[in-house]
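Got a structure for you, written out below as structure tokens; questions coming shortly.
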Amino acid sequence: MSEISYAQALNQALDLAMAADPKVFVIGEDIGHHGGVFGVTKGLWEKYGAQRIIDTPISETGFLGVAVGAASVAFRPVAEIMWVDFTLVAMDQIVNQAAKTSYMSGGRVKVPLVIRTQEGAGRGNGAQHSQSLESMFAQVPGLKVVAPFDPADAKGLLTAAIEDDGPVLFLEHKLLYNRKGEVPEGRHVVPIGKARVRREGSQLTLIALSRMVAYAEEAAAELAKEGIDAEVIDLRSVVPLDMATLEASLRKTGRAIIVHEAHQSFGWGAEVAARLMDSCFYDLIAPVQRVASKDVPFPFNRTLEAFVMPSVAQIVATGRSLMNDY
Amino acid sequence: MSEISYAQALNQALDLAMAADPKVFVIGEDIGHHGGVFGVTKGLWEKYGAQRIIDTPISETGFLGVAVGAASVAFRPVAEIMWVDFTLVAMDQIVNQAAKTSYMSGGRVKVPLVIRTQEGAGRGNGAQHSQSLESMFAQVPGLKVVAPFDPADAKGLLTAAIEDDGPVLFLEHKLLYNRKGEVPEGRHVVPIGKARVRREGSQLTLIALSRMVAYAEEAAAELAKEGIDAEVIDLRSVVPLDMATLEASLRKTGRAIIVHEAHQSFGWGAEVAARLMDSCFYDLIAPVQRVASKDVPFPFNRTLEAFVMPSVAQIVATGRSLMNDY
Amino acid sequence: MSQTQPDWRIDAYRDMVRIREFEETSAKLYTQGLVGGSLHLAIGQEGTIMGTVGALASGDQITMTYRGRGHALAKGADPFALFAEILGRQGGTSRGKGGPMHIYDPEVGVMGTNAIVGAGIPIAVGLALAAKMEGASRVAMTAFGDGAVNQGAFHEGLNLAAIWDLPIVFVCENNLYSEMTPIKDAVRNDSLTERAQAYRIRAVTVDGNDVEAVREVAEQAIARARAGEGPTFIECMTYRYVGHMLGDPETYRSKEEVQSWKERDPILLLREKLLREKAATKTQLDAIEAAAREEIAQAADSAQKSPEPQLEEALDDVF
Amino acid sequence: MSQTQPDWRIDAYRDMVRIREFEETSAKLYTQGLVGGSLHLAIGQEGTIMGTVGALASGDQITMTYRGRGHALAKGADPFALFAEILGRQGGTSRGKGGPMHIYDPEVGVMGTNAIVGAGIPIAVGLALAAKMEGASRVAMTAFGDGAVNQGAFHEGLNLAAIWDLPIVFVCENNLYSEMTPIKDAVRNDSLTERAQAYRIRAVTVDGNDVEAVREVAEQAIARARAGEGPTFIECMTYRYVGHMLGDPETYRSKEEVQSWKERDPILLLREKLLREKAATKTQLDAIEAAAREEIAQAADSAQKSPEPQLEEALDDVF
């Protein structure tokens, strides 16, 4: 174990995977000499060369297609889309190609591809650089979707994603890259599709993803001061959804709040809520609540942006009302 | 009123809108001389000429961008994307441009654009030509999303969409084009964001969209034979969601099944279920159920395809179980 | 001119006949309602297919379009498995789950037809990158229509192949129409080679119905790719006799135009040439045709008798 | 050579200075933490901006990139509203909701900067189509970088403009880098005009730091567009002195390279020429500079003092 940043943890995962398997390569914009705009690929170009750390022109459809092709003949490309907002210029290669090839070929062609990108608001980047699109990808059969919060999970999930035989959307968060944490040295795998209980509690379950886990933890600490005992679960993977862990918690607490940065309406929180209603109908003391971004594009002005995003105060207020009103 | 097909109803809406407003034009592939691969634009090229019925090369990003540009200077383009599956090559223009321009410009540039396309499975078209993607678009603030089932609504909603000052995703269904119905002559407007109760019932609410409304109606007829009195609601618009109509029904029935062709997980049914749980928590006799496509790409084989899609039998069985098990 | 031997032409003749038979039989099955969705036939384009795909080695790999069962046959796919696929049977190339627009047969290098115009192009560039990274001598080829050159994926794919000097051959099957749109409405170019030259990719136009001419340029392109000399773009001028898909009313072109192309039918042209040059006798060619017909008929027959997949199979192969 | 009069050069000089001042002041505000997100400056590229956008009439319309506040100024936007926007204030061009990457000012023809590379190109083609459909004489212009030419939207947009003969000018600001990637790693071309010629679009390369040279080709292109003679592509060779965005460590280029471009600074070049040709005196130009500085400083100051939007404003303008 050593204390390193989220970005360094990702870098370690890439480095170890590349050292272990010559079929792993990284492809994207400004990832080589420059080391990636968020520094995740730093030093890899020097170590593995331009043949395996491949800088591309601004051609997301082109290089994702290239990655799909190489993956279909047993390479394990890790493609970096600089901002998740740019996946929208390459959705066909993600949704119609990468995600469907295994099925359309009757399982004869696998696409072990990782698409790394970063999402999230909170930096004043405006409407085209602040989205959280995990709910869009989650709808697509054939894609796995993960979004780590803590550095150890970042390393472990990226390793699992690279070793997975199908396409994985790997969503980092622009405001987590500098977050530090204890990270196991050497190869470290965290299985895709497993949520993690970060704080145990008996009265209220907070389910969060990516940077919102920090908000949930803060809210839990606040609620504790008011005598409300909240459990905090880091979902980690949106697909597959670890319903067993969520249900176990709900059976205990009877109340849940889902927290995500994706827009509230039609976001993944709705799916979790609908499933929990179904499986824990008689356990629910109150309707499952969601605290998520308001249904508007992200405004540039920082005050407005914060107003549109979920807040710790909102989680706390929602938790309080779940305890008092039901 | 006259009995015409869904395709003819759409054609009338386009024709009347073009006759009434010189700013309306239609743009897409094979829509001119050929009249569109599903025949919706038939006769319009002859009537309005190649200047207003604009055939394009296979360049969805290009011509949607063109439509956004023209819309931003007060034209009212109706862009046809031949199959909804192809929106994926042009998602940036839909999600980052059309949907966000009004907001990003502080309301100074409006984009009165209609994107017409068709979705749905059931014709053996395979994984890349059978998707229902309305839940993806529903997540995007700034887009309205409608999907008419009956011919009169097709005409009325398309008219409303063209007259709307923002971008509207208008989703037709490939297996509804030949469906006939009574359609008002002359200008006919159905407001966006209003569901329609097609059959009143007291015990169970069936909420469906597009072609699945027919399935819900068949299921309701079946259930009636078993003495179960189901209400059938055609949602018509996914965004904005007409929760008032749905809630009124739920308060009465206490039970609901949502039926959609989009994949079940992370589909719009989850949003409806989550909202109903929240607003009708104490009215719910049973958890809101979903009957939707299984979470796999659409297989080509027709038997498998039918197995993956929702079925009348499934709706009936789910209804029965809601009545008996809760 | 060509250094190729007569024997390959006999083989090409056989395969062109096989492809035509396959397509015509498919049309019959479709008309009988046995094939779901839409069916896009390559009848008339066999010279282009055999001239290009026929010039590849068995380890080489291809991607192509919804109009691509012929390419798969040319690359060595089993006609039974292809028929089984378009009939949605368990023995199909994709176990009946892909259908006519989604043909994969990785063992013979068929890495996918594609129902999204242009999408197979960057994927093939990825196959070529993989070959180069492995230091393998194999080559990638991707076939697409004249309409595909207007799609972003074409543009991005060609530029990447160019800057990375990849072992790939781009085959543009210019049949003068994209669906119902004539090429003159879609591009300003006299020749689509202009589009490839924009990336500094070597480009040539060839009579796509003259299989020998196509084969010659394809062999050069493949040899160069194999030698590490980068990509080539080949525009093959050809024509489809049938509509864009079965059921197309074909109001966008005249019967005379179709007829004039049929007079330059690639199979006919090769047959006449083989006879004229005495490279084969009429008896020989007739025997080849009969055998091809027989093979295809039997494959279609067996496929029709073969089992459908089990329902549970709908749920596997997702990831 | 040029038939233009000295007066426009004086105006251009003034506007180039205004743009530079605006950008440098923006950098200061950003460094003070007053601007959110990232900031991409056009310092060094003023010759290209004024040569192209400066040649437009007031009714003409433009789209451009995240590096586009200078273009907006050149088109007539108010520096106060631009500062207010990058500071997120209510008086901003988008009421503080757009930010530096999303500048719209429809009254002066600024139809949007764009944070997605290439996306503004087909949108501008749509502006041109609208002009043509209205029978209006206005022209569209779209400015983008050398990196944008590799994006699908570029390709699709240019082809549509070509086949429809639209009144548009494509301005490629070739500053030799896309973010940290040198152009030689992104394309094989010696000149990006090759890319435009692929669609049969008239194309020319010009010294982007020589505002007179740029203006001359831009005027011709605009005149042709206005006369219904279709699109033109102009490649302007220029350079940004600052990193891709503020904070860019700039390890991809040498100090010498930057210095060599500064010696050909567009403002300096024009100043020297005006003095050499005695089209203006040093006193005149100094006065212009002082006035520009004063104007920009005041605009920035007022903007900083102006109010933020109300919270509820976050919820309007969605549709």
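Brief remarks on what is shown
By letter and in written order, the chains are A, B, C and D; residue numbering begins at 1 in each of them.
In this section, a residue touches a chain if its C-beta (ideal position, glycine included) is under 8 Å from a C-beta of that chain, and two chains touch if they have at least 3 such contacts.
Everything numeric here is computed off the predicted structure, so don't read it as measured data.
Listed here as common contacts of chain A and chain C: B, D. Using CA-based centroids throughout, the chain positioned farthest away from chain C is D.
Distance between chain centres (mean CA atoms), chain C to chain D: 46 Å.
For the pair chain A and chain B, the distance between mean C-alpha positions equals 30 Å.
In this assembly, the C-alpha centroid of chain B lies 36 Å from the C-alpha centroid of chain C. A separation of 41 Å divides the Cα centre of chain B from that of chain D.
Across the assembly, chain C contributes 94, 96-98, 102, 114-116, 119, 150-153, 155-156, 159, 163, 185-187, 318 as residues in contact with two or more other chains.
Counting partners per residue, chain A has 57, 59, 61-62, 85-86, 88-89, 92, 96, 103-104, 126-128, 141-142, 295-297, 299 as the residues that reach two or more other chains. Under the stated contact rule, the graph of chain-to-chain touches is complete, every pair of chains being in contact. Interface residues of chain B facing chain C in the complex, by the touch rule stated above, are 29-30, 33-34, 37, 55, 57-59, 61-62, 85-86, 88-89, 123-129, 294-297, 299-305, 307-308. By the touch rule above, chain C contacts chain A in their complex via residues 61, 63, 92-98, 102, 104-106, 111-112, 114-116, 119, 121-130, 133, 140, 152-153, 155-157, 159-160, 163, 316-319.
By the touch rule above, chain D contacts chain A in their complex via residues 35-38, 85, 88-89, 94, 96-102, 114-119, 147-148, 150-153, 178-181, 185-187, 251-252, 308-309, 311, 313-315, 318. Within the complex, the chain A residues that touch chain B are 61, 85-86, 88-89, 91-92, 95-96, 99-100, 103-104, 126-128, 135-136, 138-142, 239, 241, 262-263, 265-271, 273-275, 277-278, 281, 286-290, 295-297, 299. Every residue of chain B that touches chain D in the complex is listed here, in rising order: 25, 51-52, 56-57, 59-73, 75, 89, 92-93, 96-97, 101-109, 141-142, 144, 164-167.
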